[in-house]
Amino acid sequence: MYLADEAWPELEEYFAEESLALVPLGSTEQHGPHLPESTDHTIAEAFAREAAERTGFLCTPTVNVGVSPHHRQFPGTMWVDPPEFRDYVESFTRNLAYHGIDRVVFVNAHGGNVQHLREVGRRVRDDGTAYAVEWMWDESIPELVDEVFEQNGPHGGPKETAMMQYLDGEHVHDDRLEAARDGGVASVADADTVKHGSRTFYDAIDNTDNGVLGDQTDATAEKGERLFEAASDQLVQLCEWLDDQRFEDLLPKDRV
Amino acid sequence: MYLADEAWPELEEYFAEESLALVPLGSTEQHGPHLPESTDHTIAEAFAREAAERTGFLCTPTVNVGVSPHHRQFPGTMWVDPPEFRDYVESFTRNLAYHGIDRVVFVNAHGGNVQHLREVGRRVRDDGTAYAVEWMWDESIPELVDEVFEQNGPHGGPKETAMMQYLDGEHVHDDRLEAARDGGVASVADADTVKHGSRTFYDAIDNTDNGVLGDQTDATAEKGERLFEAASDQLVQLCEWLDDQRFEDLLPKDRV
Amino acid sequence: MYLADEAWPELEEYFAEESLALVPLGSTEQHGPHLPESTDHTIAEAFAREAAERTGFLCTPTVNVGVSPHHRQFPGTMWVDPPEFRDYVESFTRNLAYHGIDRVVFVNAHGGNVQHLREVGRRVRDDGTAYAVEWMWDESIPELVDEVFEQNGPHGGPKETAMMQYLDGEHVHDDRLEAARDGGVASVADADTVKHGSRTFYDAIDNTDNGVLGDQTDATAEKGERLFEAASDQLVQLCEWLDDQRFEDLLPKDRV
Amino acid sequence: MYLADEAWPELEEYFAEESLALVPLGSTEQHGPHLPESTDHTIAEAFAREAAERTGFLCTPTVNVGVSPHHRQFPGTMWVDPPEFRDYVESFTRNLAYHGIDRVVFVNAHGGNVQHLREVGRRVRDDGTAYAVEWMWDESIPELVDEVFEQNGPHGGPKETAMMQYLDGEHVHDDRLEAARDGGVASVADADTVKHGSRTFYDAIDNTDNGVLGDQTDATAEKGERLFEAASDQLVQLCEWLDDQRFEDLLPKDRV
Amino acid sequence: MYLADEAWPELEEYFAEESLALVPLGSTEQHGPHLPESTDHTIAEAFAREAAERTGFLCTPTVNVGVSPHHRQFPGTMWVDPPEFRDYVESFTRNLAYHGIDRVVFVNAHGGNVQHLREVGRRVRDDGTAYAVEWMWDESIPELVDEVFEQNGPHGGPKETAMMQYLDGEHVHDDRLEAARDGGVASVADADTVKHGSRTFYDAIDNTDNGVLGDQTDATAEKGERLFEAASDQLVQLCEWLDDQRFEDLLPKDRV
Amino acid sequence: MYLADEAWPELEEYFAEESLALVPLGSTEQHGPHLPESTDHTIAEAFAREAAERTGFLCTPTVNVGVSPHHRQFPGTMWVDPPEFRDYVESFTRNLAYHGIDRVVFVNAHGGNVQHLREVGRRVRDDGTAYAVEWMWDESIPELVDEVFEQNGPHGGPKETAMMQYLDGEHVHDDRLEAARDGGVASVADADTVKHGSRTFYDAIDNTDNGVLGDQTDATAEKGERLFEAASDQLVQLCEWLDDQRFEDLLPKDRV
């Protein structure tokens, strides 16, 4: 059920029965010369909508702009600074609880949002408002991702490329896949990102000239579909597991 | 040009030439028994995308959740509290300026956002970062709106109903228009909202049982289209006027 | 009863019986070449004191500086930025509730404060602390104002001029009324404040060279007195209405 | 020159010549059974207006409510919490600097404001905006105060009583002076406020049953006048000293 | 009992029996040419650990950096700005209460922290979380300090010098005591710190060329020891007094 | 060079030559039944002091309390909430820059601090104040850690146990190592911490009954020493690398 398409009487019925919501969050940021800047929010929304359709749980509209200052040197990257992002997400999450939502899945497709969503999750859990967890599709099927691609490419790599070929192929520049690979960092191991145990870089541009890593020519829409199906399964199972819990079991345990 | 569909090389070209962006903002909130809760963000996005298409200016993704605590008693209304909304919008507006955007049109379709967008507009203007203005479609064609409808219906009324019939008719419950009218407040004048000069109400539910006002049966998709065309013209002209200004003329004047 | 003139034993008696307070708020800002910068706080204080005297309700001291950045180009305008203003007002309003005050009238005479007082009103209402409403004198008698003046002059116009001639004539420069009119914008309709539906101005100086609008020569102390009496009546009635309500009826309604 | 009584053309002239402002700040709080709750803001305003009159420097309107949570148990005490108070004062002080004010005297008559005004003073000085100092009348004439009263009474004691008898005798309950003394703590030394080096009390009521200390029967309006004249002299001299300084000499020194 | 040296089972036993904690706080800031910058946190920690040892109460680790912007012109001074300091201390104090701590002694050795610790103390007391008091050793034995030194030297003077000679003599430059005295301000009365009742200085360097006041040659480790013993006695008594109180008696009193 | 032990003249010399500082940060939190709660700050301080000694760079005092809400169910865990922790660290880091420090190594030994130190690092870098990086000892020698222990034990495991046996053996309960292992989670793989790709736990107690993981009986002081030497080498090299960079090369790159 997609919240935004419904009128309030239908939603009244939902809240009478259910207390779970899927909230898609992504970013609008550079994903190399070949992918649209929508990549992360398109993917997040696709997964959340798919799981909502399969399960009947509620999906909210998408938060399209996230925490992406590390991509700002590449044109078009939009971002919100971390404190404002956290507070914005916290505010609407608390307000969802007004309607009886007490468990939330942040369906996230941007690595830069993870820690902030975890922090928000703690805030709303520790005072007993709601239980919210962060979920990223590739974290749910790590072995399959490793199996499908030679280079388990991170930002703008084959993994995200395949997913976008499947979900929004029209906006993928297939004729730039080689250029993406050759102008970026084909092997993540080659990116010199850690010095003596310290991550000494802050921005994507510190590591990669065109903003992406991995071998994009390894991507196909078919691989994207396979990953999408598999990860959607995982998300559905997460929702069902969450729905099965008693709310008190999701809250913080007592002191030892 | 829709930012999210482009890869960074195309956006690099845009920023080399232009410095204006359209930012759609709406809400996800009850609009009566007949309209989807997407109403305000669907409308905002439609106008911003249309104007971007006609002019070639950049349109960003949409902010789907706004300041709607006054509708919270009706199921499904999502909202962000005002300080967090302002800070979130301010943050990404400032960050747009990093790419050279120095004039922004907040294409807004939710009355509850107006004052907050104006406040953000002042913040970013007063320190010389950018010039941002708030625009609502119905404010741009007040006479036409009056002409088209007997009751210039506000929230969830014929005006918004017609617009949604045109833009997203699939999610309008046409079979509930009479119920919407009869269960709400047909005539705004009948809503007892001011006492001795003071607005003594805070929530929509204080005035209307089903969340809407006006006569929804007066709406048609054709009327919606006519309004959409007329207001889009206005938005295009606003963009062109803004683009013609010198940036220094948009900044605060000096002291007397 | 004026809080500041009383010692605590008298106030103890008040709080034992009553739970309403009038709080005057204005601004210190330019009001053209002819009016003192006190205009808005002088007017607010006069109304609040008058209503307190007529009803016996409590009037607090005045907040003299408000949200006036839009007048800053004119010398002497003092202002507090919106977040700080809201937080300051919220803080003392909450603290009034410590003494049992659960309903507050913000007797306001500055348009720039309105939305911020409404926002504070929501904050303290939504958590059940108190019910506070904003009131402006001219909003309470719109028809009379229209009747008395040809041009229902806004900032620094005949309306405020007449009121100050009545309340503090000593500080009105009656010999500058023509200059005020001729150096400003006589007809509000002439002020080019909206472009294609967007308010494109932020500061008073964007519209008016001397800071004021309307025809000041239309003002007299007699008109001021008439308006003062009529609006005071309204404020008294508002207080009585408010006092008659049960507190629970002033709080937010439950969910549908 | 009193800012609020002037129109902007007169203030334009002032700012062309001068850069100093006197800002009165007090509190609205219990001062025992005999004094009005205005005591601190009445005194602050009287000194600031007097010094402005004698010197020609600018005096702004008064901040009537300050940091008084420690008096809240006594009816009528109004207060703003410290962070909000500091931010409010900082905001208008910075905004005064817009007009060219670069030195400010906070004419303060409430002990509870001192540290907060000092903190604000540091904020605006350390970034080079303005130099602001806090001044309290009794700190400027400690020997005279000691000479005039047997008990150099603090809060609501003979010192403040005499001052109010002189400045606003109408609102002093002269018939309660003995009750004030007998119901409070006549000798400060008797107030058991420190334990083993730690101030273990937080609220006035922890020490005194009626809110005041000292022997109020020792006060007369004549004593009040004498103190007022002497302290006004000090304030005038402070303004003149401040006016004589070069702004760069008032700013923080460089690193060693 | 020193919290940091214990494992959680031992601490579990403590919280089962006791509800008091000693929290040492100091600063890291210049103390003249002869004393190490640790002076204030070394002293604070020594007292807190000593009292914990004598009484069995819990001592936490030390907050080493405090509010010292007024010493920043001297190399090495570290500081945290006041709002951040207050919020940091408030946060861990509230969190101590999670374990059942409801009374806290801030064992403080830096004058610049006092008002901020008092403000935090009010915050946690006023909402009933805990009762926290600030304690400084020299405030607990004022007569002895006066007796031991000719000049009751403040910052970096004989008092602190003697204490450090006793506690950490290795890091005291005994060969610079005369230089410290001669390069600073030997007599506090000579420091011209107040003008017409106003403290017109903000930074230590405004008064003293080498950062210190008083006659350092008057200090010996023996004097330090004597003071340490006497003040430790006071701190022990404060803890015992605090432990004897009923929690409800430490909370704010009701309204009159 | 340890800042706190020096007087300002020595520090003046340092800042004249150098611009790097090591800042140790840890936590005070449960580390199982066998380790003291100081574990993380003891380790952080040891590394920072060691590297300072070997290189001559400046080491500041330690931040002893960090972000540890996830350990709060175990007695004695102290913590500061994330926003306050970040702001506190940001404040003193910015203030270090006042003295000319433009590169900082956060020598951190608590996993819960990592993301917050990275966030602070971005804040101070993005506005050009300083370049700060986070470093954890075990991240600098991952292969050696894997080689030394069968189970590369995380929180309170053999790795931290060995380090504490070496650095502060007196406070390690060697007689509880078996109990630590048997009462916790010997194999990390057994801790069921992720469900369908989502980290569904928030607190340590959700996974482990006694707060620790891994096989503590595998730890010895000798292993601790070996790790300490190896990681100290890494830290020294990081400092030297950092010192060799030009400041402009450490700042954010320009836009593409």
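Going in written order, the chains are labelled A, B, C, D, E and F, and every chain counts its residues from 1.
Criterion: a contact is a pair of C-beta atoms (placed from the backbone, for glycine too) under 8 Å apart; a residue touches a chain by one contact, two chains touch by 3 or more.
Molecules present, by chain and UniProt name: A, B, C, D, E, F = Creatinine amidohydrolase.
Predicted model only: the values in this text are computed from it and were never measured.
Visitor: Show which chains lie in contact with chain B (Creatinine amidohydrolase) and also with chain E (Creatinine amidohydrolase).
Guide: Neighbours common to chain B (Creatinine amidohydrolase) and chain E (Creatinine amidohydrolase) are A, C, D, F.
Visitor: What chains touch chain C (Creatinine amidohydrolase) and also chain D (Creatinine amidohydrolase)?
Guide: Common contact partners of chain C (Creatinine amidohydrolase) and chain D (Creatinine amidohydrolase), which must touch each of the two, are B, E.
Visitor: For the homomeric pair chain D (Creatinine amidohydrolase) and chain E (Creatinine amidohydrolase), should the interface be classed as same or different, according to whether the shared residue numbers exceed half of all numbers used?
Guide: Both copies touch with mostly the same residues.
Visitor: Superimpose the Cα atoms of chain B (Creatinine amidohydrolase) on the matching ones in chain C (Creatinine amidohydrolase) and note the rotation angle, 0 to 180, in steps of 5 degrees.
Guide: To bring chain B (Creatinine amidohydrolase) onto chain C (Creatinine amidohydrolase), one rotates by 180 degrees.
Visitor: Just curious, how far off is chain F (Creatinine amidohydrolase) from chain C (Creatinine amidohydrolase) if you go by their C-alpha centres, in Å?
Guide: Taking the mean C-alpha position of each chain, the two centres sit 56 Å apart.
Visitor: What is the distance in Å between the mean C-alpha positions of chain E (Creatinine amidohydrolase) and chain F (Creatinine amidohydrolase)?
Guide: 27
Visitor: For chain E (Creatinine amidohydrolase), jot down the residues that touch at least 2 other chains.
Guide: As it turns out, chain E (Creatinine amidohydrolase) has residues touching two or more other chains at 8, 12, 69, 72, 74-75, 83, 98-99, 255-256.
Visitor: Quick check of your reading of the touch definition: is the inter-chain graph here a line, ring, star, complete or other?
Guide: Per interface graph, the chains form some other shape.
Visitor: Where do chains touch, given as pairs?
Guide: Contacting pairs: A-B, A-C, A-E, A-F, B-C, B-D, B-F, C-D, C-E, D-E, D-F, E-F.
Visitor: Report the residues of chain E (Creatinine amidohydrolase) in contact with chain A (Creatinine amidohydrolase) in the complex, numbered from low to high.
Guide: Where chain E (Creatinine amidohydrolase) meets chain A (Creatinine amidohydrolase), its residues are 8, 12, 98-99.
Visitor: Report the residues of chain A (Creatinine amidohydrolase) in contact with chain E (Creatinine amidohydrolase) in the complex, numbered from low to high.
Guide: Checking each residue of chain A (Creatinine amidohydrolase) against chain E (Creatinine amidohydrolase) gives 255-256.
Visitor: Given the complex with chain B (Creatinine amidohydrolase), which residues does chain A (Creatinine amidohydrolase) contribute to the contact?
Guide: The touching residues are 3-9, 11-12, 14-15, 28, 30-38, 41-42, 60-65, 69, 72, 74-81, 83-85, 87-88, 90-92, 95-96, 98-99, 171, 173, 176, 211.
Visitor: Would you pull the chain D (Creatinine amidohydrolase) residues touching chain E (Creatinine amidohydrolase) in the complex into a rising list?
Guide: 69, 72-75, 82-83, 105, 115, 118-119, 121-122, 125-126, 133-141, 194-200, 202-203, 205-206, 231, 234-235, 237-238, 241, 252-256
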